[in-house]
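For reference, the structure is listed below as structure tokens.
Chain naming follows the written order as A, B, C and D, and within any one chain the residues start at number 1.
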Amino acid sequence: MLVVMQEVATEAQIDAVIDRLVGMGFTVHRSTGAVHTVLGGVGPIDQFEPADFEVLDGVQECHRIMSPYKLASRSFRPQGTVVKIGKVEIGGARVVAMAGPCSVENEDQIESSAEVVAKAGASVLRAGAFKPRSSPWSFQGLGEPGLKMIRKAADRNGLLVISEVMNQTQIPLVCEYVDILQIGARNMQNYDLLKEVGKVSKPVLLKRGIAATIEELLLSAEYILSGGNYDVILCERGIRTFETYTRNTMDISAIPVVKKLSHLPMMADPSHGTGRRDSVLPMARAAVAAGADGVLIEVHPDPDRALSDGAQSLYPRQFEELMAQLRSIAPAVGRTL
Amino acid sequence: MLVVMQEVATEAQIDAVIDRLVGMGFTVHRSTGAVHTVLGGVGPIDQFEPADFEVLDGVQECHRIMSPYKLASRSFRPQGTVVKIGKVEIGGARVVAMAGPCSVENEDQIESSAEVVAKAGASVLRAGAFKPRSSPWSFQGLGEPGLKMIRKAADRNGLLVISEVMNQTQIPLVCEYVDILQIGARNMQNYDLLKEVGKVSKPVLLKRGIAATIEELLLSAEYILSGGNYDVILCERGIRTFETYTRNTMDISAIPVVKKLSHLPMMADPSHGTGRRDSVLPMARAAVAAGADGVLIEVHPDPDRALSDGAQSLYPRQFEELMAQLRSIAPAVGRTL
Amino acid sequence: MLVVMQEVATEAQIDAVIDRLVGMGFTVHRSTGAVHTVLGGVGPIDQFEPADFEVLDGVQECHRIMSPYKLASRSFRPQGTVVKIGKVEIGGARVVAMAGPCSVENEDQIESSAEVVAKAGASVLRAGAFKPRSSPWSFQGLGEPGLKMIRKAADRNGLLVISEVMNQTQIPLVCEYVDILQIGARNMQNYDLLKEVGKVSKPVLLKRGIAATIEELLLSAEYILSGGNYDVILCERGIRTFETYTRNTMDISAIPVVKKLSHLPMMADPSHGTGRRDSVLPMARAAVAAGADGVLIEVHPDPDRALSDGAQSLYPRQFEELMAQLRSIAPAVGRTL
Amino acid sequence: MLVVMQEVATEAQIDAVIDRLVGMGFTVHRSTGAVHTVLGGVGPIDQFEPADFEVLDGVQECHRIMSPYKLASRSFRPQGTVVKIGKVEIGGARVVAMAGPCSVENEDQIESSAEVVAKAGASVLRAGAFKPRSSPWSFQGLGEPGLKMIRKAADRNGLLVISEVMNQTQIPLVCEYVDILQIGARNMQNYDLLKEVGKVSKPVLLKRGIAATIEELLLSAEYILSGGNYDVILCERGIRTFETYTRNTMDISAIPVVKKLSHLPMMADPSHGTGRRDSVLPMARAAVAAGADGVLIEVHPDPDRALSDGAQSLYPRQFEELMAQLRSIAPAVGRTL
């Protein structure tokens, strides 16, 4: 932690800052340069908010130096984390495909979806039973009956299941049916939910919020890790920018950055990342080329009649085409699919 | 709802779109112009997602025309909503000040805060007992004991209480102690929480998320209204932009825009909106000048020692100064304070 | 300038950084803390790019410490700059109103505009003869004949003239007719233009670019100041964010921030800042309440028939109403109008 | 062009809108639906500003329908544009690499750079002689002597030359030395410059501004095309968002979107797009995987001593590695390199 004093800072101001740091439990090292006095401190960095010191008299600027997350940082586990579920490894040599419809709508639809994605080479079936919709008047999902349908369709097709949990009271129920709990972008900072999934023994896929910095994503992962659940998978799914042609702007650069800063696997969701079917293929290719550990793709047997997210769902034949493309790109980054 | 077909759209493509709309329950009006065929539809607009139609063959663009929210729109209650709690009216002629520390820390701190803000003319005491913090290692709030302290301090000083509820399981507890439930920016799209506060009989202050459009804010209000709770107060507290000097960029223009689009009261929180004590006064003045129904201000008896948000908390004397300034601006917009 | 080495940095890495700094002309002060070694340097700070050092082996992070602008900083002229043109003072006790149509269209229109704004109390006539339009097919302005019309209309009504200069070859021509040269938002980083207006003896109003940080705005001002022209007026006119209801998001908080960081006058342009006539009044009031030194307002005698920016141009009676409102707000911030 | 009237619009309001459209030269088609009256118009769409009509009484919303650019749209030349310069084709089957240092610094540096990039397989040498720097105190480029050095180094190594032109007075000079004129991101809306490069017979590479929408990029291309210069190459180089870890956020999705909307070649500049050397390789791979026609890469023989942009310049060996990776990805998208 560093506090840089202003050129004109008085001794009294410097002493006041030192006193406050010492009072918080920091050991302070004072360094008087030609222009500025700089205070370096070692101590309870979690309690140090640079903003609190920047408004003090005589202070020019402050820096935390150490990252505010620990368990999520690459240095905590330099070799990287591989999340293993049965034969599926996320974060390993193989790029993993999770695919399926936005929502489970009925038995036929989910069975047909599962067949399509299994045949094309996906290893995890995705579908939502609890849907966070921006309007209260939109389809909200089938709930528990939906979870049952997903589980059955996955089992019949040799797939794992990932599905979203929207609040902490749903966790026990959702855990009965799924292999991976998904935390949606809107809940990335629902800390009570994060704390609770930190206590379960299922892997958690945590999506980046549309306005979350990479640091905030890692801090949210830290909530889960600090509860004892180390099987956390991160996922880029588009951030909100001024560009409106695509629903979100997919931040592909977050993939190599997260891989550098953290040991956790990092996937990409180009369906939500772009919101447009015609952008999903190029962006899935880009994600794998940039080093993503997997992709999360919306596929629907009949997207034109989907109850939600139809515009971004691939037709079955498009998903097959995508898998073929990814298979040819993976070796360029030393992976398989 | 309007679907504009491409100049080169075939009859078969046009018919396919009409069939799909009719199948969804729309009555379709076809209008063939010199260049484009335009399809207008009346029907279940809540089910209509423009994006779903924009990817159909032959379609150029789609527009929903009617706003996706109903109960939150100005036309639902053109005269505007005034939320009344005892003698306090939010959305009426008087600009309301809600003030207090970020978190309740102990009895002395909250009592001293309550005295300061009551004396300066605030009518509601704000303080958090449950704190959504981006790091799991930061102070998380005192919980129920904190709520008791806030209530006592408010009662002793003739103030109402507003405090945050972070998840739906806390609602009954928080309702025992507060007059207004606060939904924080990070929870603006926590739909399960919104549904539950829609069922209680306490007013709800809903903060705009840092990446939420004005339309999304009104859709989230719609969740609460649709549950039967009509006492909803909205609050601008800064959006996330590329500018980093201030923690967020306070979107003052959202104030007149929301007042035009909706009947709900609209407040402003310049403390979170800027994150810097030295910007709170000018931005609170700006909010009132732009037509805000009230301000939410962080004040701490000793900001330099606050456990959270110290950098943006006003000193007691600054809050007095602010109230004096607001008193002199309010009449310019036909209000009092 | 500070370079913080990583906890694991080797002596060789530290020496390499020191050597490079010394080679650039810095005097380096080494401080070895309990965890990190910190290098502080005094020297040619303009040549120091933190990013260049952050990619070096063993380096954790770098900070420039001193602001990259000098002449534009508040410390260069703590008492603040007042730009004086005849009887008009910008940055003084009086809030200044500059108003007029987006473009000069013909003699009648500009004469009528000048009468309206002079009568309501504006002191400067604004109108463009050279228009930066995003489409090459849009009206591009009248050029020199337009400048003549503006000058005549202003003279007849006792007003000063401000008009935009789009490239450095136009400067001598525009200087013949105007009192203040305007640099538009799109040209805020047109450095060749900035250098040239730095050599003329007319005041320059420099608008903030829609994606420019406050620091970049001050660096662009530095270009003009470093040419010897000290009469620079800054102007907030909206930044680009994800919100689309308003054309831009007016960053009102930039007003107090710029007044704190710099000695230069700071104005606000709510017409471009919002793009909507119905938001101009509340946002102009907000700007003055936040401490703006003046407002730049688009007014048109017949906005429904304006050749450009009609949607954001006030009707004459609205401008009168606005001036009355500003007159009542100014005293609350110790100003007149 | 469509104007949707409000449900409560009066006949007089509808007539007023029709009159105004007819007065502008539009043929208007009125369609009265069950709820809304919709006016469709055919006419001088370039003159139609939706915002101007949206503020009229009784109007709910307006849409332009036709894209505001024509010459830049895919429908103008469905087969796509291939820019040919000698043996190099941009927009053809081969992915093109343009590479070199940010600035030319001296003969040795540029000669060494040219050798490195030619050997690794680039076909165009990039280097700046006129540099747009945000601070007036930073290195501004060598000017004409620099151009001479670049030309010589390119010729000796069988490369073409691309270099930036900052203002219209420099065009003749720069044209003497380069094969492709570059317009930087900061000048994307410097319309006077765009008009002038529209008149020359050299290809122009136009970079997307950091806050420019895809539509604005195509409108700026339209300026050049409308002057008669059809050899325009577009380039994504990062947009400004809230994320600060990377200097900009590279909008990879703009690549497939531009290829769909326009016939012009679309390249990617991951050096400026990320600002960090360690992100350049993954993002260049992502760009090619997403369908980019080429990449623009900063390479420096000794990045640690570069006078500008050192942090984002590749070491020579990294550039070789990148070229090898791109060679293995190109076939997956049906290209070579």
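Please note the rule applied: contacts are C-beta pairs under 8 Å (C-beta built on N, C-alpha and C of every residue); 3 or more make two chains touch, one makes a residue touch a chain.
Here the structure is a predicted model, which is why all the values come from computation and not from measurement.
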Set of chains whose contacts include both subunit B and subunit A: C, D
Comparison of A-C and C-D (more C-beta pairs in contact): C-D
Computed distance of Cα centres, subunit C from subunit B, in Å: 31
Rounded Å distance between subunit C and subunit D, as computed from the means of their C-alpha atoms: 26
Centroid spacing, where centroids are CA-atom means, of subunit A and subunit C in whole angstrom: 38
Shared-contact residues (touching 2 or more other chains) in subunit A: 211, 240-242, 244, 278
Subunit A - residues contacting subunit C, complex: 2, 4, 27, 29, 31, 33-36, 38, 40, 42, 60-61, 63, 65-66, 240-242, 244
Residue ranges of subunit B in contact with subunit A within the complex: 20, 46-47, 49, 51-52, 54-56, 68-69, 132-139, 166-169, 186-187, 189-193, 195, 209-211, 216, 219-220, 222-223, 226, 240, 247, 275-278, 304, 306, 310-312
Subunit C residues within the subunit B interface of the complex: 211, 213-215, 239, 241-246, 249-257, 260, 273-274, 278-279, 282-283, 285-291, 325, 328-329, 331-333
